[in-house]
Amino acid sequence: MDAIVVLLAAPLAGAFLSIAAPRLAVVASALVCVVAFVAIGLLGAEMLELGPAIVVPGNWGVPLGIGLEADGKAVAFLAMTALVMAGVITAASVEFAPGSGRRSFGFWPLALLLWAAMNAMILSRDLFNLYVGLELLTLVAVGLVALSGKADALAAALRYMIFALIGSLLYLLGVVMIYGAHGMLDMGLLSARTPAPADGLALALMTAGLAAKTALFPFHVWLPPAHAGAPAPASALLSGLVPKASFLIALRLWSEAMPDIVRPEALVLIALLGAVAVFHGGLLALRQVRLKLIIVYSTVAQLGYLFLIFPLAGGEGAAQPWSAGAWSGVTFHAVSHALAKAAMFLAAGLYMRAVGSDELGAIRGLARSMPMTTFAFGLAALTLMGLPPSGAFTGKYMMITAALASGQWWWGVVLLGGGLLSALYLYRPLEALFDGEGPAEIIRPRRREELAPLFLAAAAILLGIFSAVPFDLIYVGRPDAAVTGL
Amino acid sequence: MSVYLPLLILLSSLVPALLTFFLPERAHGLRNGLNLGGALIKLGLITVMLVSVGRGATYDFSMQLAPGLVLALRPDALSLLFMTLSALLWFLTTIYAIAYFEGKPNQSRFFGFFSLCVAATTGLAMSGSLITFFIFFELLTLATWPLVIHQQNRASLAAGRVYLAYALPASAALLIAILWLESVTGPILFSTPAPLDRLDDTSLRIIFALFIAGMGVKAGLIPLHGWLPVAMAAPAPVSALLHAVAVVKAGAFGIARITIDVFGIDRVEALGVGTPLAVLASATILWGSIRALQQDEIKKRLAFSTVSQVSYIVLGVALAGPFAVIGGLAHLVHQGLMKITLFFCAGIFAERAGVKKIEGLNGLGRIMPWTSVAFSLGALGMIGLPPLAGFVSKVYLGVGALQSGSAWALAVLAASTLLNAAYFLPLLYRLWYLPPAPDAAGDEGKPGLVVPAVLTAAASLGVGLFAGSPYSPLGWATLIVTREYLP
Amino acid sequence: MTPWSGPLLPFLVLAWPLLLAVVSILPRVRDHAVRLLPLGPVPALWLAFQPLGEPTLIPDMLLGVQLGLDPARQLLLGMTATLWIIAGLAAQWGNDARRDAIYAGFWGLTLTGSLGVLLSLDVGTFYVSFAAVSLAAWFLVVEERTTTALRAGRVYIVMAFCGEVALLVGLLIGVSHAGSLEIEAVRNGLATAPNAGVAITFLVIGFGIKAGLLPLHVWLSPAHSAAPVPASAVLSGAIVKAGLVGLLVFLPNGAAGNALLLLGFAGAYGAALWGLSQTNPKAVLAYSTVSQMGLMLALIGGGARELVPYYAVHHGLSKGALFLLVGVMMATATTGARVAVLVAAGFVGASLAGMALTGGMLAKAAVKAPLSDALADAVTLTSVTTTVILTWFLWRMWQGDRPARTGSFWPLRLALPLLAGGGALAVPWLLWEEWKGLPVEAYLSLSTLTDSLLPVAAGLVAGLLLIWRPLPQVGTGDLLLLVEQPLARLAQIPPERKREPREIHLFARLAEVSGRLETRLVRWSVASAVMLALTLAVAFLTR
Amino acid sequence: MSADAYAVTGAILIALGFYGLVAAHHLLRRVVAFNVIGSGVFLHLGAYATRYGPPDPVPQALIITGIVVALSATALAVGLVVAHALASGRVALPEEAEDD
């Protein structure tokens, strides 16, 4: 209960501290990490016993006050955020060592604010509060994109910002309409509302806005330049975490707040966009010659998978036995993608620093001089390909099973085909890394910089090997129907 | 003990693998000790298990990964056949590899993945459920890739690319087959027959085809065999392991599992999919041999020979008569012993005499007698010359073919024998009967290379000579099939 | 259980020569390995004179080894062992036999196979033995390593392998029908099996290749001419008999009778006549072997199979003696001595032709008894052809190169073929009663003597005529000369075509499409239109 | 009645703003357009506040929060536009022409 408040407050406090005393930024971040892990642990333990935890700060009562609720998915996402943060903080403590200029001054507060915004969005059940979180997240993310101060990065940040602002406004418009129709904004309450004629349009507006922020095809065009232009630790946060938050809101809207007004065709439409994203992103990744661009297009593709959950566990399907598998599957997928993607960006950053470029031609043969980083990169690639024993495989396994069980085998084909395509585009950097002896002189990364991606990638793998552990947790507070499972 | 023994066996190669990754390059002694020690411990544990399974004991270790996703290790007699082979050959290959890589770079990486590969093979052998099998199957693919590209040159990278280009779509096919099946029947355990009646025959046929496509890539069934010859760019110990124990065998073993334990021999027959599979296997046997004839590189010739020989196993299983299955399963071991001998020797010829092409073999018999004798034994066994191991498999396969009414398979066996002779005998002729080139040189100074080759050659003679013994691979295969047919 | 009697003995008979073969490649022994050759068959000879005992069973070995003998095979075992001992002794001095570990090693292996074929009671052991005798003999054929020898070796190994495969197919059909690995069960099974015709065809092909059945005999004369003399002796005397034994033990009574009869007699006459076109005395002898083997095969087909071993013993010993005599002649310089060799060869040859009072006469008489009159006459007629070809052989042997000086130990060398030849002349007399059940005196009469004399005399005249006016001489291999080239061309596999590596076009093209799409999507007009469309679509698709 | 007028005005503002955000290439114009939309939305929300009898305080709280958020977003956006203009010498995104 208090853990929820701590999870919101600690990163914020850390952010303020790192502005007030920049020299202590790393220490503050590390402290936040420790606090967050403890809080998540306590929260998880509590939830396993008592079910979803709800807290309303200020004791205002829900219609007026803002509800915060931690269910299984939320804890999984909180843990994902904390893990990625821990990894990125470790790596960034070298690249953005305090006192090494404007960029490092900017990074720490932004990163911690991002954490706070993530946690807020994961825990919040109030539509307007979510809007605020969404905006905060966007602004922080834009700041991270612009961190390098180069013209390209600034242009990318602006493009991102325009998309995100349009998205926010569409979302806000939807929120306004909901409030206009029902006079309430809490998701839990909304699920029990009497449907109004405007609900459809409101949901549509919010969905379109969230899709723009999640970089769902065809609104993904802002993502590649933005994520590729940021410094590697920032990219790790941007690609691994940020889109997950808006996805989570969209998912909650469709499955928890207003599942009653959704027709199956709408679910299919969303999933179709996801499917196109999987292939479009994958094919574009295949065309890239820069490592970071390959990784970001892979993000475009991987985000597409998430949206396949809609027809598998949404709408009427939510009442079916297979939806439980789909729920857990998508959570696994999101979490392991975040871990692997962050690991991959951190590794890419090390390569880039080592040889001064991230072109495939330049990183040739680095496997020999940077074996640990390459190992981490390989493990992360494994996860993104969805191969066992990674967590992504568990996710994929459950989603495909759900697809087949529900008779919608074509989504299974998308999942498998996307996996193959990802193998195809991730193979190119892997092959380059192993090609020949590599340059003799490189800028060596520090040991803890190398350990950070390895830690993240290993976490993604361990998630697959010990996937039974988080399962009970994820199940807490699923939508009612999805209680029985495969 | 009965719960943890399978896990211990798995860990006996997994732990050395993981530890090896973090060893510094120069820690030769520690690394070698770790790997050899792991191999010995594993051999010991497997012996314990062999004895008790022979007496009818069962082992079961399972761990839930997710609802419906259970990692189950339930070694049965068939598992043990494959495990014993892999453990034994792993031990020998480790000795060989230590000698082979002496003074070469990237040893920690190599031995790490090498052990991981064996861990995957062992896990695959012990898998008690379909999904466990798949997980280890994939792990095997992934652990093998770094071995294939170990030399990090253009050829090996191309080989790695081709390898994955075949392996990954195959695993996708496999996964879809497994999930399709399990989405209807629930998790499938090898020990209990799955309720396949819930699916219609057409679906079952498609699923079977998907299974065969998925496993067939590893087993080198045509037209999915293209990666095998290319993967020859790998170092010799890898080729040896790939061809004799790990990858190729995993495919054949998988087909055996699917046919015997998932579908059941009766259902395979009822669905009418056994004969097409047998025909495919036969075509592979012949085509592989013909392609082998065209090769002038020793390793490539051996690779195509593998394509051909592994399909004997598939043929045996597909023919689905008791004798044929015994022959197929026994060949699983027999081919392993013979092929690893050949690859060991090919590696010695390449390393110690600089010979990679067939022409280079001229007269090496007198310069490198031990290697040449071992090579000759392996080759003759492959041809099916009695009393070597290959002969025994062939007899059982032949009788089995007749028993299941597929007399045509006899013609395939006959033609394949002739073709095998056609591509192996010229090699032996060169070794022993042609004068060596003026600059030919070679020495067998490294016992670490020669002794494993001689031992496996002796083993492939021994298992043929004492095939009648209940402890021979043939005896063990008979036990498996007896248990299957007379439950 | 002592090794010199009882069930262990047959196993030792086989293990001993193998052991010697292994010993002979040891470094200390290697250079003198040839000294071990005569020792190999000694236990076999011992076994041949032991009373028949219980079969030996070793279930763990191969597919369950069973060894044992019956009277016919015991007789053949005795002959085979004797011949191998003699040939092994002859190999000691032959200046053409290299003192070579490989030679000695494979000599031992071939010997083991040759004995194993006679001793085995189960199909597994039989097949292993047969393969050993058949394939290991290749090393004896190519021992000289000349171009001719290597060509002969090539032909030999190809035919031998084809034979092995045919045999395997035939045996597998038999085994699967019988459901047992015992030879007797397989033979009985083949009499009734539904697809016995196929099996028997394959068996006849497999054994026929070894036994020199027309037209599968083509390997015989190149191989015999190329091999060293002692090897030729065992090849012709013992090894080809393996095929004969195979047919005897596996073929059900009367199976493939007409085919064997026809092809057998065709070989018996045809080969004898074709041999007249050969210059090399060993090639001539090889054709004589084809002819004699043809006769024996015809006898199996014609219903005299019980007596074929009796005939085979005589042929084995005498043919071995003749080959060894060729070797002796090649090492003989003085005219007197050469005449002595020629006379010895003449005696052995006369016996082979069935000349009166020789062992051959009894052998021929014995096999003729159960035959119909027409067939008996046909057998008699072979005496003529045999005489013709052996006369020609004697001439060719006489004409052979005369060395500068006689080889060492000449008398000893001559003694060996004389021993074998003497055996050939004597053994039929000794065994007559045992095999025919009547004292030999009951058979002998003036008419039988003249009956056996006449064909020989006729043959001799014809032979002398031929020496005066020889037939055109051709190379060895008859039918082989016709098919060798086309077959070799046919067997050539075209070399692999190198293919250019292909890019994955499909993905490249798809990726291009995606790339074009991407440049459109980044435009604000498109993006906003799409966003509007999505909003409307979702709004439309919700209730 | 007046509430409806607010709502309609809000809607018009939103539409205008969206057009500007999409059609304008100059980045500052876009920032302004964003603010126009924001104003429209808040106006719209304000209109709801009076729909059911006594004025609802919640929309007011929301609007104030929203304005703060929009303000900070605008500040960041303007800052970025300036920085981008300084760094690249352009006031439009690279894929678009500046002339409008």
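A, B, C and D label the chains in the order they appear, each numbered from 1.
Here is the rule we use: a contact is a pair of C-beta atoms (placed from the backbone, for glycine too) under 8 Å apart; a residue touches a chain by one contact, two chains touch by 3 or more.
Model, not experiment: these values are computed from the prediction.
Asker: Please identify the chain lying most centrally, where each chain is represented by the average of its Cα atoms.
Answerer: Measuring from the global C-alpha mean, the nearest chain centre belongs to B.
Asker: Please tell me the distance, in whole Å, between the geometric centres of chain A and chain C computed from their C-alpha atoms.
Answerer: Comparing mean C-alpha positions, chain C is 78 Å from chain A.
Asker: Using mean CA coordinates as chain centres, what's the gap between chain B and chain C in Å?
Answerer: 37
Asker: Determine the centre-to-centre distance between chain B and chain D, using the mean Cα coordinates as centres, and give it in whole Å.
Answerer: Chain B and chain D have C-alpha centres separated by 67 Å.
Asker: Take the average of all CA coordinates in chain A, do the same for chain B, and state the distance between these two points in whole angstrom.
Answerer: Once rounded, the distance between the two centres reads 42 Å.
Asker: Would you pick out the residues of chain C that each touch at least 2 other chains?
Answerer: 522, 527-528 - these are the residues of chain C that touch more than one other chain.
Asker: Find every residue in chain A that makes contact with two or more other chains and list them.
Answerer: 166
Asker: Return the residues of chain D touching two or more other chains; collapse runs of consecutive numbers into ranges.
Answerer: 18
Asker: Per the touch rule above, enumerate the chain pairs that touch, sorted by label.
Answerer: Pairs flagged as touching, ordered by label: A-B, A-C, A-D, B-C, C-D.
Asker: Would you mind writing out the residues of chain A in touch with chain C in their complex?
Answerer: Touch list, chain A to chain C: 163, 166, 170, 195, 199-201, 203-205, 207-208, 211-212, 218-221, 260-263, 265-266, 269-270, 273, 279-280, 283-284, 286-287, 424.
Asker: Once bound in the complex, which stretches of chain D touch chain C?
Answerer: 18, 22-23, 95-96
Asker: State the interface residues of chain B toward chain A in the complex, per the touch definition above.
Answerer: Touch list, chain B to chain A: 21, 63-69, 105-106, 109, 131, 134-135, 138-139, 142, 149, 152-154, 157, 160-161, 164, 168-169, 171-172, 175-176, 179-180, 182-183.
Asker: Quick one: which bits of chain D touch chain A in the complex? Just the residue numbers, please.
Answerer: So the residues of chain D in touch with chain A come to 14, 17-18, 21, 27, 30, 34, 37-38, 41, 44-45, 48, 51-52, 56, 58-59, 62, 65-66, 69, 72-73, 76-77, 80-81, 83-84, 87-88, 93-94.
Asker: Taking the complex as given, what residues does chain B use to touch chain C?
Answerer: 158, 290-291, 293-295, 323, 385-387, 391-392, 394-395, 398-399, 402-403, 407, 410-411, 413-414, 417-418, 421-422, 425, 432-433, 464-469
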